[in-house]
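In what follows, subunit A forms one complex with subunit B and a second complex with subunit C.
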Partner chain A sequence: MTNKSKWLGFIFVVPFLVSFLVFWLIPLLYGIWISLHDFRLSVGNNGFIGLKNYVDILTPDTIYNRTFMTSLKNTLMFIVLSVPPLILISLGLALLIEHLPKKLKTFFRTVFFLSYSISVTAVSAIYLWLFGANGGYINNILMKAGLISSPINWTGDQPYAWLVIVIATIWWTIGFNMLLFVNALDEVDGTLYEAADLDGASAWNKFRFITLPEIRNISIFVMITTVIASFNLYGQSLLITRGGPEQSTSSLIMGINTTVFGNNQLGVGSAMALLMGVIMMLITGIQYWISYKSDKDDLAKPSRKERKRLKRAVNAGPTNVNQHPAATIDKKERKIT
Partner chain B sequence: MRQKRIKSGILVAVASVLAVLFLFPLVWMVFTSFKTLSESLASASLFPRQWTLENYASIFSASADSNMVQWTINTAIVTLIGTVLVIFVDVLAAYALARLDIPGKKVILGIVVVALTVPGIVTLFPAFYLFKSADLLDTYAPLILPYSAGTLGVFLIYNFLRSFPKELEEAAYLDGASQWQVLTKVIFPSIKPVVTTLGVVTFLAIYNDFLWPSLVTNSDEMKTLTLGVATLVQGSNFVNPAAMMASTVVATVPALIIFLWANKYFVKGVTNSGIK
Partner chain C sequence: MNMKKIGAAASTGLLVFSLAACSGGDSSSDSGKTQIKFINGFTGGDGAFMTKIVDGFNSSQDEFEVVQSQEKDHYTKFKSGNYDLVVIHETSLETYQKDQLIQDAGPYMETAGLAEDDFNAAGIQSGTVEDKLFGVPLDIHPLTMFYNEELVSEAPTDYEQLKALGETLQSENENLYAFGLPSTGLTTFYFTAAAAQNGIDLAKDGYLDFTQSDYADALMQYHDMVFKDNTSPEKLGLDGEFQAFMKSADEGAKQTAVTMTGPWYYQAVKEKYADNLGIGAMPTLFETAATTGNAHTISVAASVEDEEVKDGISEFLKYLYTPENLANWAESGQTPSHLATLDLITEDPEKYELAAKNQKQLDTYVAAPRVYQFDEQMRYMNEVVFTKLTSEPNLTKDALMSELEKATKAAKQIADTQ
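Showing the complex of A and B:
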């Protein structure tokens, strides 16, 4: 291709590059710059102060430290409460769908995925009134059934407040994880199960030694995306519990919002947002590292070297290594990348 | 064989119970929106004893403190233009990166991947402040334009195109077609599934976005449905579950219809974005 047509082709990328530059790269760099200044939302820049914003956030018992640490602690609490059910229940749903008669699969998959299309606002409104303290539907039912004598303050008392937020979140987002697992289960080579059946393997052993290793990559992906999504907790706790009771469900994004708009501190807020971003990237990195390490340590699975050898063998020609689980993994990886 | 049938019968029963549990909040939302205020507060039954359209009438009435009609118009403008813009920008870029020999290609691809790993929160507040400085808050610009900076769409279409055979394009070039003609006549028709996927995912993302619109709009007239209903929920006077559910029904139905229509594509899109 000539030089001229090279640059003509470049024109196709220009709209994306402009948009990326203006709405992503410049804000990113500008955010770092703001975090190094005494920057007020109302009056703008009051001058360069170096790392003072970060020092303030990390020095115990300053106002910004309290905001950041409380909301970080709450966000981590939410992650601990929501991530295990979001992974385990979605895997359970996917396994259930996998074993349903073919005709019904699509129907149930759609039902469990349906709520994912709803906005956090609608989800919050629904759960706010299902679990409303006075006149809420759940309290009405429990009182009518004589199970409780006075209404439970679901959204205003702990541990109920977390319970409601976690239930709402599970209902709202679990379909996405389920779908990823359903697709991963579809990809598992059926001949592996047939071979296991001939050996008389139990259902649990089939799950442990065939299904789990086969869906390993997708499981790691689900875990990482779920943790990232849970880090971004905002709408549910803002609208359902308003961060309460006593700030116990106030999330990181809520804390940053308060700092920027409530305290008029865009500089400190930007520093908090960057710290939050760094923490998220660190946790993602640690998850990758642990899963990579456990991959290496897992003796039940062939090592990377072994898999490479198998892959070469598969490429070389038709042999019975195709029956090995690792061989099918590699084939899939090749197809995808 | 009989044992197998019993087993699958049990599984269908379990799935049905779970399906009822999953659908219940939505069904409750719809039925509550047809209850009177007093019944919505006191009832422990799902169905309204006395059906009323009063809630819908009140949120759409001229004297209502909610701007439902304006919010619906805003949402339509923002989601439609936003989605088309994202598709336009991403398809062009992905095509050039996958098929044309352009300068700086490797750098751009690297940026696309790196940007995917950076959490959105770090650009949110500075982007808000830039719009504020440019005096563009409370206009359609910040509600539409920033979505086109996302790199997931470029990544998706780029991956799709890479595994797509080149023969057709080469034939078209031999016939004297230009790059633009190849893109519109050969490439675009064959990447329609992935473009539809991206379209639906983008549409729902813009439609349901809450945090960003809440930063860049001030006035009631500029709100989207999602944001508008959120202000209703936050309003301390909004102690009427029946009216609240009517507003969430109005805000939810369009997205639900799009979702059900494009369910098939959406399922595929999740697969594509999921497997890395």
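Showing the complex of A and C:
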């Protein structure tokens, strides 16, 4: 490579490098530095205090410990409640769309994605109106139908408050995951389904042995990004439940916000944010490790059905002059068979 | 120039350009006027009236321009942004002064021709920290009573009347109640009312001490209002006192005849009830008559040093505190603490209906305790304790006291962060 092309390449990389430095690396390093200081939002730095902020957060019975632990517990609860439906329902919608006639596909894909473009304020306003405890739309319907005798305090009692937040989140964000799955399903080699049809495979078996393995990578990606997104719960719980009832839906971001802007403690808030980042990295790492490990295990020991499926797919040969299904099978898979 | 130099120059340029974008701007606009950046939290019905005042000032000026931001989270934006003027509640004023976010407003008032004598006593108290005015008093917003004249002909003045009203309404329709206690939201006013009307001082050594037996008794009365006297529905949720007043019992919702809420809801309740809207004063729910609430003050950011901006701020204050201009603020439903404007309101009580009624409450107004981070010290009470009082039928005084101890412990720790 000549010097000229080296420098030309460097110039192309500069915009990314600048963005990376300005919006990621410098704020991260600055955040770490702030977390090691008695830093107030109003008056700035009051001096280096080492790990005191972290110690305060992790020492039981301090305000920072209570804020952090309560909001961490709430956030983890939200992740447990929201991630499975956000993945399963979006996959279900993607499968539904995949089986629609081509003309309707675009229409429904847009309809399901539309809610993703709405602001969290509007989403919260809609759900507050729907789930109002006193004269809310859902309560009115349930009472008129005779299903409940007195109104349910949807946003003021548990577990209803979580239910409302999870439903609002699913309705709001499901379109993004769905679109990823739709694209992944589009990439699945149709000849595998043809081979399975010839073999008389049921719809469930086709889903289990063809679709799921084929969209495995995107599923892992969706799972990891959904967990990360769920860690950032803020708008819905702030606007729909105000963190209640009794602080049970107050999220980590809300806790950090209170610490920084309410209590004026930028140093402690930065330490909380970094601890949150570490926890997110740990969980993401564990997810990645489990998926990587199971991927390796699957490759090492394919099931009898899997081996059969692959054999048939390889032996099926081209179904028309332009298609070579055997060539689409991963090299690793062919080696295993 | 070789490629190495071009590359270095380009990357340096990009870096400088990116970092330059992070720096702050100056105080002059394209029109050459000196800009005063003013942030407030008037995002409700009152926001339009403050905008009218700001627009009026801007159109009267060749030299200065007030650039207004109305933000729901204006405190957050003020702390992290670059503003010259800010509206601060009296309960937060001491905190902002101690955190060195604001400066002495006295010199600005003097230049604007304003003196302490121009304001009523409650107003002066609202803006004073350590014998200096750190906030120019704008208004006092007491807990305000609105009532539905179709359900109650006169404003109830004490709890006995409210209780009797509740019994009458309940006999007509089980969804009708005298008034509503919110689960959360405007509960600070209810906490301070319980203290003020029972003569209890919550402030102790710079923090809020909720663990006083008399105070626990007072709070248990709120519990009784819901679960014993049936005067208020239970579990009304966030801002339930206002929401229940706006609902209709005919549609199956819990409806209240009276609400004690913020005056900023005036436009909304006026729109719904029109001529059937009654306005009263805070009733005596406990032992003695006392009105609680909060106040708005206007403060100058500590960062303001530019002489032209300083002049602009004084000029704006001079315009704002001209009775004809500040009367716009009274028209929104707020009660200015500026005496000359109050006189104007008295002359035309129909036009300034709510302000005219509320100014009578200023005589019995008891300000909230002045402690560092008042709102944060109240957080546990607002987010947990009032919900328990209005949602748990079996709550005992002992269980409440345990919660009050937790709230006091948190309040003390927050006070210690100063």
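One rule holds for everything that comes next: the second predicted complex is superposed on the first by the 274 of 337 C-alpha atoms of A that agree within 3 Å, B and C clash if a C-alpha of one lies under 4 Å from a C-alpha of the other, contacts with A are read in each partner's own complex, and residues count from 1 in each chain.
Basically, contacts are C-beta pairs under 8 Å (C-beta built on N, C-alpha and C of every residue); 3 or more make two chains touch, one makes a residue touch a chain.
Just so it is clear, the structure is predicted and the values come from calculations on it, not from any experiment.
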In the overlaid three-chain picture, which partner chain does A:Leu8 touch, first (subunit B) or second (subunit C), both, or neither? both
Based on the superposed arrangement, let me know which partner A:Val22 touches: subunit B (first), subunit C (second), both, or neither? both
A:Gly255 contacts which: subunit B (first), subunit C (second), both, neither? neither
Please work out whether A:Phe108 is in contact with subunit B alone, subunit C alone, both, or neither, and reply first, second, both or neither. first
Touched partner set for A:Asn140, first subunit B, second subunit C, both or neither: both
Tell me the contact category for A:Gly132 with respect to subunit B and subunit C: first, second, both or neither. both
Check whether subunit B or subunit C contacts more residues of subunit A in the superposed model. B
Kindly classify A:Gly31 by the partners it touches after superposition: subunit B alone (first), subunit C alone (second), both, or neither? first
Which partner does A:Gly267 contact after superposing on A: first (subunit B), second (subunit C), both, neither? neither
Touching subunit B and also subunit C: which subunit A residues? 7-8, 10, 15, 17, 19, 22, 41, 132, 134-135, 140, 143
Within the complex, which stretch of subunit B touches subunit A? 8, 11-12, 14-15, 18-19, 22-23, 25-26, 28-29, 32, 40-44, 88-90, 92-93, 95-97, 100-104, 108, 111, 115, 117-127, 129-130, 145-146, 148-149, 151, 154, 179, 183, 204, 207-208, 210-211, 225-227, 229-230, 232-234, 241, 244-245, 247-248, 251-252, 255-256, 258-260, 263, 266-267, 270-271, 274-276
Contact set on subunit C toward subunit A in their complex: 3-4, 6-7, 10-11, 14-15, 18-19, 22, 73, 75-76, 79-80, 95-96, 99-101, 183-185, 233, 235-238, 240, 243-244, 247-248, 251-254, 373, 375-376, 379, 383-384, 387-388, 391, 410, 413-414, 417
For the subunit A and subunit B complex, residues of the former touching the latter: 1, 5-10, 12-13, 15-17, 19-20, 22-24, 26-28, 30-31, 34, 41, 93, 96-97, 99-101, 104, 108-122, 124-130, 132, 134-135, 137, 140-141, 143-144, 171, 176, 179-180, 183, 217-218, 221, 228, 231-232, 234-235, 238-239, 253, 256, 260, 266, 269-270, 273-274, 276-277, 280-281, 284, 336
What part of subunit A is in contact with subunit C in the complex they form? 3-4, 7-8, 10-11, 14-15, 17-19, 21-22, 40-43, 62-63, 66, 132-135, 140, 143, 153, 155-157, 241-247, 250, 257-258, 261-265
